[in-house]
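Going in written order, the chains are labelled A, B and C, and every chain counts its residues from 1.
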């Protein structure tokens, strides 16, 4: 069986600095996989390699068994790989519905249509509205993105990724900057996503990770140290040494 | 499929966006009114229409896609010379001239678009400036083709569609320029409200997000830059055909700089800002330079400084702020 | 040989004028297209001092630099400072506005004609060597240009003020915390640009001419120096100026029909392939 997402011996060097060190990662289809690691472990670099924002120095990235290492970002998205950003990357001056409709139009291949107005693409608007309903954003559909509270904006971040109908979803610290109460709600929403969406979660909050993930990989100094079930990870000595000590400081 | 049945949800605000509003209909009555009210100023009015089209072109790339340019006169000039050279070589049909200018300018836009795909605003400003300067220098040196600083002379146009001859009073020229402006405005308006136009706004608002939505950002930018170049080319061609002369000024740096001012003055990213900015600018130019051409440049500079410091959203920004204060005006 | 020598002289003149632009752009992130206006100001001040007030040329130069610096500071305090951190486009529009105003002001006071400048006898004339004719004034330009280049490099890299400036640019907040008067550092740095530009403008009347269109005519050259040399890079500006000076003089001498085309092309190509400039530090930080 092929994996939803797989890397083989992925390496990224910046000058003499090795940011990603020989990472071989396998994410099973349908998994709730978490990637954890202390600050500076190279999590964001790894995400950037997976999505195509960066090109690896060596190694390969496979999406559903297919080599996508040299594909540009937007073509990986077309093949089902979507992501959210650790820091919101939204369209501040668009309404929520406009933003998500934009994303839906892109997925439906309507993005280059230049004659009929967006409003005439009824199915796309419909789909965007369904998505907003699913994320409980419908009541703010016509509000400008920048006018919303941060927690809501994080949801739009997820809505934009889901609009791509991904089979593989990368969530880069989806709860970053969200107050604790709201972050729980956020994770409930994420947990309700259908199982045919494989999720790779990067998260700092260990509570959330252990509640959410069924598989955890630990990244330290650019390399994978261990990969196992949450229970095993919780007991793992190496993980405690390299990670939990640091987490306690934070 | 029908519209969504989700409770309490109304997609109408998004669907209504592209509809023509009452104020827009009213606005387009202005050119008709101007024809009768200022019948002795038709040459100036034609100039306004042509410059408005040129400003519209810059708004497509700057206001929507967010590409700054300090050398947009390059495409205006290419259009002007194309139409001029076609006419001096026996292709005097005005519409053929416009088409030729659009095609050649679009080609130039397509080729140079690859230079502005990436880089900071500053890099783009300097690259576009550099390209325009190179063209200026070419036109300046290739005197046997362009006439150099003396300009390209001996342009004679046949009647439009074989029926409407250009007259001494500039009536035909005005109506011709205005119809072309309106037609291309209408197309531009469709473009900016289409999914393509929305994706341009997306690129402007958050360039880094767009690839993550599956958008081929470069292809979109190349597309709009090419279209905008064609628009500028048509504007240049109109100037050539209505004045029957091409001055090397069509490629000059002040023309690019003034265009930026016009757009910023009117307000970017609304299409109407480009039109209103042109009307305000050209009228002021006309009135002030009558008094003294050198003072005019001083006031132009002062205006730029003031707009940048205090009125960055331009006339359209002011109108929108006004509309928000008036209840019921948002219809 | 004479061509190369003249090229070096005009290169150093270019350096004098553009290095200030490079500093404001590279260190303070301000796109000051009005830089040429300061050079023009220096030129006119110099002309007035010499022709109307009878001040000797060498004595006039420091006055010119000071006057340009004062005008620069006045503008910085009232206008420029409001736009630190504004977008490149805003800064460009704003400074184009200043250019337009300066052009018509110059028109108003001096008219459109070229301004004559009588050089002192000790700086005119030629030294004739076998195969090489050295204009005394060009030699003078080279000496002044090099002296200022060395002085600047020393100031930025070797003095307390240079260290403060670098700190203020890297992180204004931390610099303030360290007790550095960031405002003052910025004003002084900003003043340096107009001062040098004014000086260059005065020295350049002889070679570049002086009329109200000066700021538009030459701004491209200054930008090219910055683009090719890498902004904020004094050595880079020096090399770039020399290359451009030599190419320009040689080009006009040997292939006049190509004109300035080559120089513009060099700028565009450099910007595309090495946005940090030919002599810039590596782009990856």
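The rule is simple: a residue touches a chain if its C-beta (ideal position, glycine included) is under 8 Å from a C-beta of that chain, and two chains touch if they have at least 3 such contacts.
In this text the structure is predicted, and so the values were computed from the model without any measurement.
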| item | value |
| --- | --- |
| Length of the shortest touching-chain route, chain A through to chain C | 2 |
| B-C compared against A-B, more contacting pairs | A-B |
| Longest centre-to-centre distance from chain C, chain (CA-based) | A |
| Chain occupying the most central position, where position means C-alpha average | B |
| Inter-chain centre distance, chain A versus chain C - centres from mean C-alpha coordinates, in Å | 49 |
| Centroid distance [mean C-alpha coordinates] between chain C and chain B, Å | 34 |
| Mean-CA-position distance for chain B and chain A (Å) | 41 |
| Multi-partner residues of chain B (at least 2 other chains) | none |
| Chain B partner contacts - residues on chain C that touch it in the complex | 25, 31, 79, 82-83, 86-90, 92-94, 96-105, 107-108, 216, 220, 223, 227, 257-261, 264-265, 267-268, 271-272, 275 |
| In the complex, chain B residues that touch chain C | 68, 70, 115, 119-123, 125-127, 129-131, 133-134, 137-138, 140-141, 253-254, 257, 260-261, 264, 294-298, 300-305, 307-309, 312 |
| Contact footprint of chain B on chain A as seen in their complex | 51-53, 72-75, 77-78, 82-83, 85, 89-95, 97-99, 101-103, 105-107, 110-126, 129-130, 133, 138-139, 141-142, 160-161, 163-164 |
| Chain B - residues contacting chain A, complex | 1-4, 6, 8-9, 11, 13-18, 190-191, 193-199, 201-202, 205-206, 208-217, 219-220, 223 |
